[in-house]
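Take this structure first; my questions come after.
In this document, chain identifiers A, B, C, D and E correspond to the written order of the chains, with residue numbering beginning at 1 in each.
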Amino acid sequence: MARKIRHIPKVVTKLYRKDFYHQPGTLPGTIFIDENAEPPTIFLIDYNQTNFIRKQIATPEECAPYLDTESVSWVDVQGLGNQDILQRLGRVFDLHPLVLEDVVNVPERPKIEDYEDQLLFIARMVVPKDKTCGFYSEQVSFILSKNYLLTVQEEPEHDCFEGVRVRIDRNKGIIRKQRTDYLAYALLDAIIDGFFPVLELYGERIEELEEEVMVNPTRQTLQNIYQVRRELLQLRRAIWPQRDAINSLIRDGSELIGEEVRIYLRDCYDHAVQVMDMVETYRELASGLMDVYLSSVSNKMNEIMKVLTVVSSIFIPLTFVAGIYGMNFNTEKSPYNMPELNWYWGYPICLAIMAAIAFALLFFFWQRGWLKNSSTIKPD
Amino acid sequence: MARKIRHIPKVVTKLYRKDFYHQPGTLPGTIFIDENAEPPTIFLIDYNQTNFIRKQIATPEECAPYLDTESVSWVDVQGLGNQDILQRLGRVFDLHPLVLEDVVNVPERPKIEDYEDQLLFIARMVVPKDKTCGFYSEQVSFILSKNYLLTVQEEPEHDCFEGVRVRIDRNKGIIRKQRTDYLAYALLDAIIDGFFPVLELYGERIEELEEEVMVNPTRQTLQNIYQVRRELLQLRRAIWPQRDAINSLIRDGSELIGEEVRIYLRDCYDHAVQVMDMVETYRELASGLMDVYLSSVSNKMNEIMKVLTVVSSIFIPLTFVAGIYGMNFNTEKSPYNMPELNWYWGYPICLAIMAAIAFALLFFFWQRGWLKNSSTIKPD
Amino acid sequence: MARKIRHIPKVVTKLYRKDFYHQPGTLPGTIFIDENAEPPTIFLIDYNQTNFIRKQIATPEECAPYLDTESVSWVDVQGLGNQDILQRLGRVFDLHPLVLEDVVNVPERPKIEDYEDQLLFIARMVVPKDKTCGFYSEQVSFILSKNYLLTVQEEPEHDCFEGVRVRIDRNKGIIRKQRTDYLAYALLDAIIDGFFPVLELYGERIEELEEEVMVNPTRQTLQNIYQVRRELLQLRRAIWPQRDAINSLIRDGSELIGEEVRIYLRDCYDHAVQVMDMVETYRELASGLMDVYLSSVSNKMNEIMKVLTVVSSIFIPLTFVAGIYGMNFNTEKSPYNMPELNWYWGYPICLAIMAAIAFALLFFFWQRGWLKNSSTIKPD
Amino acid sequence: MARKIRHIPKVVTKLYRKDFYHQPGTLPGTIFIDENAEPPTIFLIDYNQTNFIRKQIATPEECAPYLDTESVSWVDVQGLGNQDILQRLGRVFDLHPLVLEDVVNVPERPKIEDYEDQLLFIARMVVPKDKTCGFYSEQVSFILSKNYLLTVQEEPEHDCFEGVRVRIDRNKGIIRKQRTDYLAYALLDAIIDGFFPVLELYGERIEELEEEVMVNPTRQTLQNIYQVRRELLQLRRAIWPQRDAINSLIRDGSELIGEEVRIYLRDCYDHAVQVMDMVETYRELASGLMDVYLSSVSNKMNEIMKVLTVVSSIFIPLTFVAGIYGMNFNTEKSPYNMPELNWYWGYPICLAIMAAIAFALLFFFWQRGWLKNSSTIKPD
Amino acid sequence: MARKIRHIPKVVTKLYRKDFYHQPGTLPGTIFIDENAEPPTIFLIDYNQTNFIRKQIATPEECAPYLDTESVSWVDVQGLGNQDILQRLGRVFDLHPLVLEDVVNVPERPKIEDYEDQLLFIARMVVPKDKTCGFYSEQVSFILSKNYLLTVQEEPEHDCFEGVRVRIDRNKGIIRKQRTDYLAYALLDAIIDGFFPVLELYGERIEELEEEVMVNPTRQTLQNIYQVRRELLQLRRAIWPQRDAINSLIRDGSELIGEEVRIYLRDCYDHAVQVMDMVETYRELASGLMDVYLSSVSNKMNEIMKVLTVVSSIFIPLTFVAGIYGMNFNTEKSPYNMPELNWYWGYPICLAIMAAIAFALLFFFWQRGWLKNSSTIKPD
């Protein structure tokens, strides 16, 4: 039993321990490569209103020619598993050592930072896992400059940017007419909107738990509620700083963000606020469920105790009466020794008394409402 | 039992899952038509101090001639079930793509946004369902311009604007002398005041639950308390951003809001604050009820346990005494083998001892106050 | 039982349902007359340093001559039961329709509003009911102008202004030397100080409940704690906005408030803060009491269970032993069939074994501390 | 039992009821003399770098000659029991009526107020009572002027100013070189630092309660936790406004506070923040203890129930078996009537079956871990 | 049992009682030497881009020659056990008496203070103890000036500065090219990053507790949860003011902090925010665990009660039936006296009835789901 459960925390461990960890006492700007991380693959998309290039490139240096052209260059790095490539990337894009540290030493808290002609935006992307079990969470770093946008993703598997790539490719909407700031907005918007399907799953799980907790609360229910609370806490830590970062992007943003894109970012900010709103609502519901669980368990105990009490309180006195007439006092030694045993109607009277006691107690319990089952729930 | 309850969450589902959902990765400004949405019907009211026109129109384009006149034009669209009409509406009123998205892709969080010569106000209207079961909630979007007001309602059934229509029609109050800003205020005020009847119902439900939880707490009570808490959470999410939006309408509002109307909006803001106040109060009461419920259940268990303990503790020792004299030790083999059985007063003495034990225990329980029923509540 | 309790909520009903209710969809400025409201009676006090007039007047129009004189005129209207008089009052004092609505359509949330040469202050006055049962709550509206002060009270019965009237009459303190702003301060101060006796009652009730919940918690205690929490919530809603309103009176107040009176208002503000402070403290105590209640009930159950367990665990094994020797195996058929029954010392040995079992169990329970009564409370 | 506890609230009563009470409807500036208050005694300390006078004086008027000299005059009034003297004090020091009211009508909330050339600072001083029972709390009012400092203490018994008096007397530190502002700082610092010994006692009590609640939670424990929470609430209400007052003394302080003294006040402010910090920490611990208490009680109940269940579940079935063979069916009427009674191995087989049942049940309970005592706590 | 636990609080005591304690009524600037404190040892590191000196020095005066040179001098004092040396240190570095007090009279709350040409930064350093038992906490004071940095550590044992010393020694990174402000940053960063390993331990402990509380909650679990909550409270009090201090270092910092170092401090601030974030998350989890614990205990009690109820409810009625036929009514006196005893099929029928009753009850309990063990948890 205990052995089975031991597997669960392992899923959780990663969420905790890796969140926001920094090796103490190291040189600022030092980067750490997780040995399990996949090697980076680099994709380049370069476009303007008329042209469009999309290709995978082998080395960071290949980007260099595209960066200073007037066309918008989007370099998307996926995977953090090679120190050499990452450091060369830092040189090609002329990144401050602290920027490179933030980008590589994941997980970092979502934030925005302004470096002269670059803007660093650390975002957190979530992707729903499957119907039952949480979400994948991944850091995406944006380095926004006038002519290029560098995005670095933690791992290549999950990604919610495909819609944007298609829009660039097929020239849908205004994206090809806009600059890097709009591209950054479009990706950020995809990340924020990516929280909604995850939240939808939690909405469904909470509904299931509501039913479970009312109808048949078990230990499993308790564990599930706790699990949901913990994962919502996780989500809240992901969206809260992101919302603040978008807000300061709108208000204090550098010249890199155009006036028109600010309107779009306002929309994106609204969505982030809505995500926050839902996360908080779900957290309150989940926390309310814990109370309901405890009450439900107490309620069930009441039911159990009622059965025990009714049965015991009726039969224990009856058994006592039967016990009396099972005593072996010698009726022959004295007329006072259990004369009832020799009465003509002794046994029927005895049974009648027992029945009377039983009915009296039943009436007493019925009057208190202990005989009806109070645990049924009427459909609303 | 379980099957019956399965219907309940379905009512709730809609409230949750649809709240603030955005399709990830789509083009900004994309609008989604819910297949169950009813097709839009468009009503036009055009008035000034002397004239009044009210008619249903078939196509958005029919509004066009009214929009630039000096008279106040109120175009009221009800229902979001036709993409073509909605997009034509966007063109007629020259709406920013993001505005149209906010208006059509309901539900959106209440907010205010300023677009040059238009003001977008997203409001949430609630209508009480019936005595037992919550409220209908619907988004109403206002697009306010100098000469016209466009309102878009989610569905045509529920509406709390009839009073305003009548005031325009019959020229009651100052509405015909005022401009679009006053009209927007009047409608907004009707929406905010529409929260009061809903809250009144919750006040009544909480009173009923208070009585229930004190007198006879069942599982149903628990579920009802939880349900009320959840719906109040819903209400709070509707009114909170609305209040903030009205506040920024008063303070940072564009030139579209006249000085005089600001005074009226201040009144409307006061009402919104009062709604907030009541929602918070009800939430605190409902949350307090949960505590009371748990205590009440524990209390009831105490009562049950007392009965069990009193009955068991009295009769189990007596049964033991009876059991002793039911033993079959052979009195003939030894004078020490149950000589009591052959005593002359054996049986009466035995009964007397039993009675003494019973009375001693009863006295013990009476002294502890376990014999009186502590569950009665004196009328206050 | 249930029928008796049904009376309680009725007392409460009014507090809830009427608090801050606005009829949706009505003309702003519309006033509603509660059919149970008492007709207004109007009192006029007009004074300066040398003269003093105090009289009851029949119609609002009679005030008119006093309003423009240099002397201070205090018109005090008590009762809201006549629409005609109230509207004539509005005309005499030249009230904005929204002001009249706020004044008449009680209850309104305490607030301050600045209308050119008038200042509207909505206050809430509380008067202790009696030792056991809450407080009366009534709205008092102040309309302050340069030469007059109009106060409108919800009902004529309760009033905490008599002290001020006496001070004007007998020329005590500096009130006759001051203007309307000082008069308004004096009345407001009386209202705020009127919260203290109410709070004193709650202090006493909480003390009683503390004792009750420790010594003998019953369902009644639970209900009382909940009732106190609910009423303190009520008080908080009354004092909180009042404090804010006084604060903005001091800071942003119009020219109608003199510099010297501001110092007095600061004192009044301090008192409001102290009331808040006490309300919050009492709320925390009452909420802590709920926890104590639940723990106390659990504690009592522990006591009950201990008795049940000790009694059952001792006598059930003994009864089993007695049951064994009450079996009817035929001792004549076999030497192995209950030979004990025929032993010479059979019965005494049996009794000795039983005593040994009982003492062993008693020792076990004594060792665990279950025999001593842990529910007594030492005096502190 | 109940009678003993009745004494406890009396200790508490004073803390509550007198805190922040204002007689409604009285003239502002009216002072109330508590009949139990001790008559004021007045001490004068007058010093500069070279001279030092310390004497008790009989009437307030005797101070007058010292007030206008260049030397620093500290007038310390202890006790509030004589209206005449207090009003003469007000005249000698030229106090605003509201200042005198704040000083005399204790308790007042800690605050700072600026009156032209005087600064009023209301502080609250706490002195630990003894090891078991809370603290004395007393108001100290400072009236700071250029050349004198008037302090008014509520009662003469407790005082934490002796250290400062000694420093002046013996010319320790820089106090004799400084003006009244430094003196006020020194006294205020003594008051703030006076909170630390009180908090130390609470730290110890919480530790004791932690042990008690884990090892042997009784009703007394519950009461003690509640008591600590209540007293910490008291402390918080004393220190919170004090901290704010010191802060505004530093920031908005009048010219009466020199630049150098502001640095010292910053230190004093730090200490006040630390007191707050500890009070909040202790409050969280005490509130956590309540949860632990409830869990501990439930835990104990589990232990009790386990014993009951194990004993009952083993012996009740055995007793049933014994009961069967205690039945008196006539074995002679039929071969099917309890033939076991006449078997040769009847009794031994019966005992063996009983033993088998008992062991099976014991195994069942052992498997579930109900036989080991889970209530022991390993030393950490 | 109780004696064993008595050792635990002793570990805790120090954390509480010494935190933020100030001797009331003492001269400001007085320093207290804890008799257990170790005597101070002084280390000097002096470096510029080319030179590097590292030595232990005996007296504070030996530092003097280094302080005014252009090279960066880092004087690191470890241990607070000698009043004379500390006061000489104060003279050598020209420390304000309040600075010396803050540095020596540990513990002080983390803060920053600006003294003309010195900057005082009080930090709190934590070092993980071992896998099971909390952390060491130590105050580190920074006195930053243009050419030197003085750091004072509470005790010499634990230290997280070795990495920085190595970087200076081996000339790694840019530290040798920078001034004292960068050195202060590097040390501060080491302190902040030192929180992460401590938090990692708590993450692991919470995971263990989660498993324990679900699978087998004991009293020990409860104590451990409480212990974790208390220690996290401790951590929070350490990191919260530290974060604020770093923030004001960045924003309002004096000229002593260069522009470039501010960027690094921003990074350090981010880490402090992340530590806060994790502490808060862990606190929420630990507080949620308390709820889970209580529910788990209730759940276990339900299981226990079910067993008791099922066993008792089945066997008590059966025993009653057996008791009836154990009665000794004289069958010869009357045909109505227990004729069943003499029936041919009496005994088998009796057994059959008993079996029927038992099966009926089992069916009843099975239907309610009381026979299956609801306490197993499926692996997720």
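The criterion applied here is as follows: a contact is a pair of C-beta atoms (placed from the backbone, for glycine too) under 8 Å apart; a residue touches a chain by one contact, two chains touch by 3 or more.
Keep in mind the model is a prediction, meaning the values are calculated, not measured.
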>> Keeping to the contact definition above, tell me which chains border both subunit B and subunit D.
In response: C
> Do the two copies subunit B and subunit C share over half of their interface residue numbers, or under half; same or different?
Replying inline: different
>> Quick check: how many Å separate the C-alpha centres of subunit D and subunit E?
In response: 25
> What whole-Å value do you get for the distance between subunit C and subunit E if each is reduced to the mean of its CA atoms?
Replying inline: 40
>> At least two partner chains per residue is the criterion; list those residues in subunit A.
In response: 216, 294, 298, 301, 305, 308, 312, 316, 319, 323, 326-328, 338
> List the ring in order: which chains come, beginning at subunit A and going next to subunit E?
Replying inline: A, E, D, C, B
> In the complex formed with subunit E, which residues of subunit D make contact?
Replying inline: 160-164, 167, 172-173, 186, 189-190, 192-194, 196-197, 200, 203-204, 206-207, 210-211, 214-216, 263-264, 266-267, 270-271, 273-275, 277-278, 281, 284-285, 288, 291-292, 294-296, 298-299, 301-302, 305-306, 308-309, 312-313, 316-317, 319-320, 323-324, 326-330, 333-334, 336-338, 369-370, 374-380
> How about subunit A: which of its residues touch subunit E in the complex?
Replying inline: 1-2, 4-9, 11-13, 16-17, 19-29, 96, 98, 101-102, 108-109, 111, 113, 133, 216, 218-220, 222-223, 226-227, 229-230, 233, 237, 290, 293-294, 297-298, 300-301, 304-305, 307-308, 311-312, 315-316, 318-319, 322-323, 325-328, 331, 338, 340-348, 350
